[in-house]
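Pasting the structures in now, so scroll down.
Common to both upcoming complexes is chain A, partnered first by chain B, then by chain C.
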Partner chain A sequence: MISAAGLTAGLAGCGGRQATQNGTPTDHNSVDDSAPTVELDDETLALMQELAYVTNQALPVLPLQEKLAQSFQTTDDWSVPSKDNSKMQTYWPTDWLPREGEWTASGDVERLTLAQWAVPSDSQYNPWNTKNFAEPRRTLFDRFMKYNLDSQEYTGYLISDWALDGQTFTLTVREGQTWHDGSPATATDVANQIKLDIYNGGNLGEFVAPEDKGTVADRVTASDERTVELSLAGPVNEDILLAYLQPKYLAAHEGTYGEFVTRLDEAGSDEERSAVIGELASKTVSDPVGCGPFAFENADSQRTLVSKFEDHPDAGNINFPEIEYLYKPSNQSRWNGLINNETDGSATLFMPRNKLNQLPDSVQTTLIPRHWGLGLLFNHEREPVNDVRVRKAIAHVINRESVAKNSGAGTRSKIAVTYPSGLTSEFSNQVEGTWLKGVTDKFETYGRAESQTEKAAALLEDAGYEKQNGTWKKDGEPLHIPIKGPSGFSDWVAGAQTAVSQLKDFGIKAESVMKDSSTYWGKDYSNGDFVVGLQGWASYNQSYPYFHYKFLYDSHSAKNYWNSPSEFESPVLHDDLRDGETVAPADLVAQLSTGDN
Partner chain B sequence: MSYILKRLGRSALTVFVVVSASFGLVRLLPGGPLDYLRAQMIQQGGGDLSAAEINRRIAAQTNIAVDEPVYVQYVDYMTSIVQGDFGRSIWYEEPVASVIGPAIPWTVFLTASALFLTFTVGVSLGAFMAYKEGSTFDVTSTGVGLVLNSTPSYVVALLLIAFLGYQFQLFPTGGRYASELTPGLNVPFLASVLYHGMLPILSMAVVGFGGWALSMRGNSIRVLGEDYLRVARLRGLPTRRIAIRYVARNAILPMYTGLMIAIGTVFGGAVIIENIFAYPGVGFYLIQAINARDYPLMMGGFILITVAMVVGITIADLTYGWLDPRASGGESREAY
Partner chain C sequence: MDGSTRGPAEVSPVKRTDDTELSDERDPLVDAVDADADTDVDPDERAITGRACEEPVATDGGTAASEFDAVADASLTDTERRRQWVEESLLAPARIVWDDWRARTGLVIVSLYLLMGTVGPLVVAKPSTNQGPLLVGAFRSLSYPLGTTLSGTSILSQIVHATPSMLIMIASGAVFTVVLGTTLGTLAGYKGGRIDSALMTVSDVMMTIPGLPLTIVLAAALQIEGNPAVIGVLITVNAWAGLARAIRSQVLTLRDAEYVEASRIMGMDTSTIVVGDIVPNLMPYITMNFVQQARAVIFGSVGLYFLGVLPYNNVNWGVMMNAAVNRAGATSSVAAFHWLLLPMVTIIVLGLGLTLLAQGADRIFNPRVRARHAETVGGGDGEDDSTATTGGL
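Then we have the complex of A and B:
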């Protein structure tokens, strides 16, 4: 038995992306924040290593760097843990520290000032409407559970306790939890929240009602005031359930959403359900009834004001009466807000070196691992990258250290990946120390901080290319690698340009093709119209390796956008898990998901 | 009368052509509202949602008939705007009028104040420069006026927000008024509105007055050389009366059309400024709409700006003859 507790340092969470695209939040709809505590047995670890090895050898994607999110807190009027304190390692500090009594007013201040992306008066708080679900949600609603990076444990919050017994998962709602209108928050509300998430296509549906959403009403039930029961369709690893449940906010107030739940439960067909979901998705809730420690007061063109809710179970931990969220629609305005002491903190915000230098001493910058980062995504149906030798050659040529350095713009917020394998936690050296312990010598590093041009040349020659007049060519045609990406993600663009220049120096005709962010994601990426594309190489929402491999091998994106084949050729790491070089990684991923391992 | 009808008809035709061209052009923008929504969903961790799921959600969230051919959408759109229906914003899920309507007074406040400032300061300065023609004051002012007139307002806006807003923190860097105040006709609220509008207004005013001043100076100098002015002086009329009744009136007259055109830019004149100062006015929502490829909202903004401009020019045209009887006489009355 290998305990990986204390190892995963897992977290994900929202918002790490840098630029606001077109003035809209990228940091919204946080349905994430999670990472399970894992007790790994040998077989599970072996499975993960095998998947890591296949990824390392077949390179469906080339992981370049991992990201550390920058999080800011001012300390002159506020008392917060120091940046090295493990309490800061909770996603996000602005969510949890005030609730825990760890972010308190030390001076004579009335109000905590934070920032939000959307115009406050245009913001809304229906989580199933994907638009303008603004930052005050963090204090208006409570999350189901908390994931503590220090103890590597899930602890109860709104869901105070849980138990997996066979195929029944039982959740207990925290006592004394109250909606802002005074009514108690009950198991029915929690069940409604889970049901609405599943009806909206949430991941739990895969385990609760994989075939027919008509069964959701029977499978998610409130057995009494404080107990919710989930009947699972098959055996499931508890870590995966927790990873999906933990980040949820309870927003399903009966008075606001009850009608939708009833209609969805009673719907006779998928079409009927679609119609209700459509209505739900266009419902705008501008004056929400929440259940968090702060209640909605008002919003105008400039700020949202929320005030302390005295009936919240944690109200006693909070010694300031109000939080205001100022409208700050760009990174620049947020930088200035912190530099000029206008705002008291920012959950996550990319700030380049020259701006960090302008911060007053009272602002502390905390780095929080993000378990996610920029990678080069290969379209497996497009030449020349459908040839693994070309992908490997690219990997050898790119110096990931310098990519990370340029992408990080003088901050320490990007770390080059040492073993491109789909495993995260480079920042704490756990890839080498834990996940791949004892097998690292089998893994190819492709040169973390160097351009291994000789190896790359050998691979290209093997693939039929020849260097003529400084350019790699095959049948007279130069080796052309266009890299597409979203122009709004300035750090990614810098990283891609570094890679392009390295490839060019080596004689590959590489170019960077940056598109308007919505065109890139909405058209090029989702139509598979790219040869090499920029994308995060790990699951954006979870940190447990299962989720990364599911994303890489068994997600809609992999199958439809990158045209990833169902089978790859890769040497074998653990003989007892595979026979032969042909492997279907999705099968290995499926083995990880059941509770049998 | 027939001239007026013709002139109005031509204005209507202008609006029609501009609206039609805008309708076509906005659809040439890469990507559409659906791509934008899809991009949002993919980035929000919806990468694991199936394409069908994403498309279904998008269909549920938008009210535009994406499958209709463009010409059908065009005919539908034109028919409804004639009936006063500008459609619903895709992003805000509200009628376009309810998104733009509340923003109009704020934009008008900014642009009208800026125009008032630039015009009064510019005209007074120009007149004074004309009287002091050739003096150091005249030469310096002409230089300064030229430089400012050729400076884009957003450059001034960025400088103002960087120094007066962030560096010295003398003015707010965004918003329409302090959130604590109750909107209404009370002094603190109005003062706060003025305080918040100060930098945006200044940004436009600083670069605007130079042009008016130079025109006024040129016109005044021309008028000062006229024979009738010499006659007026010989008649012994008071200088003040000459300055105001003889010089100012005649010097301002040629600027009337320019003023009406400037009034026509009242909705479209602050698009970039509003975005720099995060000031939710018409231009602010127009940029949001462009980014989100929110066709109905974009069109609403364009139509508002176009109509205001055409109305401004038409009024200038129709009233110029009345202001300056010399210009009367049918077609030749056109002032531009």
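Then we have the complex of A and C:
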């Protein structure tokens, strides 16, 4: 699952061509200047700080920048909240605003026009078949919950209420939910959705049925029409459960997926289950029965049309009959769609300054924190970056401010990381104000907006390198740092080239090797065939620090792709948590997940 | 190289004229006729007879020698031979080129690119980010005359520093195609038989594979890491097949030509015949193809870089265009259009230069044009202006 997330991360990119917009509304923060308060007990906070410190000192990756997603809405025929309104701070405005009656037609317009990446007639809506789960999913299906970025609270939506009582997690389904074929959406459907996710390797399985998937049927049950019960295998932090549950869309319609659930529940062995999973993964659903406020009408080669479903509980909030999704497979076509008033908005899209200047005044640009961004990934089994001193020297040389500026292409959408520590929310000062409160002076900044060449030189000399004729060498061989990346992610390429320029100026023989995006993700990255690779440095789907550290230290990608060792050497921040310099970060991550809150 | 193989055949008339001038009454042919008529002739005077091949004949040099030696000894010292070679191989083509405006323009353009690829990187600063403000237009500032990109990189720096690797790529692709195509084509055409059918089967198979998808797949499958020489070969990976087929059919028409047959009867080995008699006759065609392949490599590579399917580790004209479109939407943005336009112009001008040069090359290898220029050189030692007067004709 994490590996899939890593790959999706890759495919989504920050502004890359193939972005899939898989964003999920789990963010904690708004763009307010004041640091929001997060209620954390001391032990959880200390664990997070310890992990942040290990990351800062051992640098398994070098976080460079954090991303603010640009989201676009037209205001001439549509009434939407202003770009500074906190209602815009969701993933994504196109999902939630129409449901809440905040995105309404003000003029004489028939339909809302948006864009989708995949060919509409080839799109399908089986979420377990990972191909072409296209954008209309946002209005065809309802999400379990909503995350309010201001109050940092989960609000019920399809799951209207929930309670964690010891090791039993009870979910209550919203009243009046109906499938588009007229049948009621019940607790059984919600249980089926959760079960199918777990059978497919979803993260909840780790807490519900960590050992044997054969027990899932007994542990996820619908106790009545509107109540689902999850029996947990051990104590779990509720924030983590909610973070995993909240982004789910209810797609498990009984008539479409019921037989798979039955066969999986009754399967006697892992082999049987994987055979059924394989069948499920190859099933394509091109004419879905959804449960959202819009129902599927038709799709041709150029657009998907969905029409308002009057029986949805929120149908009254919507004053336009249709939404169409036009096939816009590239950033350029989306830019032009907005510039020419062809589309009425875009959930998230990277747009450089010169194109922003071409937008008509009626288009507003909202910046939404993304809790994710470009980082340099080190392959821990390749010379010379398996030496922490070389990694630190690279960190000192790179001027992250300048990288973020070039990557952002004149927009304010990329922010340089101040403390490379694996913690996100740079834009709201939350890193200093909350997560690292009181310990920031222990952290190394590696020079956010400068090239600290003297410190870098000292580290390299310590590692046995010597500067000859302007080039750093060891045993006559120049220090060679090739940085590989996906050429389709143009903003990443710009950032990487900036870093390469800075390393070259310092005397390191750096080069950027850009490959076709699918080759990079499918081959170079997933085979660990890189010395330094480009990758998002945080969990793509979540914002809570636990998920970032899980991604960095205890994920399929970390172990298999960038060959992260299980133990690192790092000075100690909180000596009641660790003894000695050697640390296994994955253990700390595991402790973080079970902490009660 | 071809001066030595072609020299005697074409130059001899010129030099014979000189001989005649130097030794008035000793026209060998006339003497020979005389000799046949009069048996009492001085051995010195005897020249070409029916026995010329078997027996020593007299020449104006006086001592007995073969007819072939005689001409050379009498007329050419080493220095002369060298000068003649220079005239033959360098000056005459150069004059032909200079007489033709297309070839002249082509040559100037290609030389400028060679200069840009060799001296350019030493003169122009390396491209790096933040050399100037973002997206400065072309011709607005002296420090970055062609403007800057969205990362503030000077476009002039990028264009100039991309040239060496582009030239390497072009050369490697063209050399690969031409060497392989010519070798296999000539071999198949001259040898015939099984070798012919085997080689042509291979080349037919290669021809039926669509080149572009093959290149894309190979680029993804191989570990090439953006090495320009390898990419040049990759882009033309099956272009040699078409050339080999065409050359084979040319060779088929030549292999039964009289002079080739003569060489064969004289017992010369295959390689000498191929190198000395056949390939020189194909040179115009081969040169044209070399230039055409060079163009194909540029357009192919730029196209593939533009699409983003080739790996790269350096600046590159195609990558610049790709970045301009993908990062700044240059096709519909006035602010970024120069970023797309300038590398495009760079490519178009080089393509034009190579095309013009190819047309000029045709004239260089046209024997009649060439002979006229060589003659002018040979006869006009003392009169420099004769070149100018006859050259234009």
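Keep this in mind: the second predicted complex is superposed on the first by the 556 of 597 C-alpha atoms of A that agree within 3 Å, B and C clash if a C-alpha of one lies under 4 Å from a C-alpha of the other, contacts with A are read in each partner's own complex, and residues count from 1 in each chain.
Basically, contacts are C-beta pairs under 8 Å (C-beta built on N, C-alpha and C of every residue); 3 or more make two chains touch, one makes a residue touch a chain.
Predicted, not measured: the structure shown is a model, and the values here were computed from it.
In the superposed model, A:D516 lies in contact with both chain B and chain C. Among chain B and chain C, the chain that touches a larger number of residues in chain A is B.
Of the two partner chains placed by the overlay, neither chain B nor chain C lies in contact with A:L577. In the superposition on chain A, A:S487 makes contact with chain C only, while chain B stays out of contact range. When the two structures are aligned on the shared chain, A:N331 is found in touch with chain C, with no touch to chain B.
Looking at the shared chain after the overlay, A:K355 reaches chain C, while chain B stays out of its contact range. When the shared chain is aligned, chain C comes close enough to touch A:T498, but chain B does not.
Within the superposed three-chain model, A:V109 lies out of touch with both chain B and chain C [touch as defined at top].
By the touch criterion defined above, A:A458 reaches neither chain B nor chain C. Legend: residue contacts after superposition of the two complexes on their common chain; A:Y540 is shown touching chain B, with no touch to chain C. Once both structures are placed on chain A, chain A residues 17, 336, 339, 515-517, 519, 523 are touched by chain B and, in the other complex, by chain C. Residues 17, 21-24, 26, 28-29, 31-32, 119, 121-122, 129-131, 200-201, 203, 274, 277-279, 281-282, 284, 300-303, 305, 324, 326-329, 333, 336, 339-340, 342, 515-523, 525-526, 540-541, 551, 555-557, 560 of chain A touch chain B in their complex. Across the interface of their complex, chain C is touched by residues 17, 330-332, 335-336, 339, 352-355, 357-358, 402, 405-406, 409-410, 482, 487-488, 490-491, 493-494, 497-498, 501, 504-505, 511-517, 519, 523 of chain A. Remark: chain B residues 30-31, 34-45, 47-51, 53-54, 56-57, 59-61, 91-93, 166, 169, 173-177, 179, 278, 280, 287-288, 291-293 touch chain A in the complex.
Against chain A, the residues of chain C that register as touching in their complex are 128-130, 134-135, 150-153, 219-220, 225-226, 308-314, 319, 322-323, 325-329, 331-333, 335-336.
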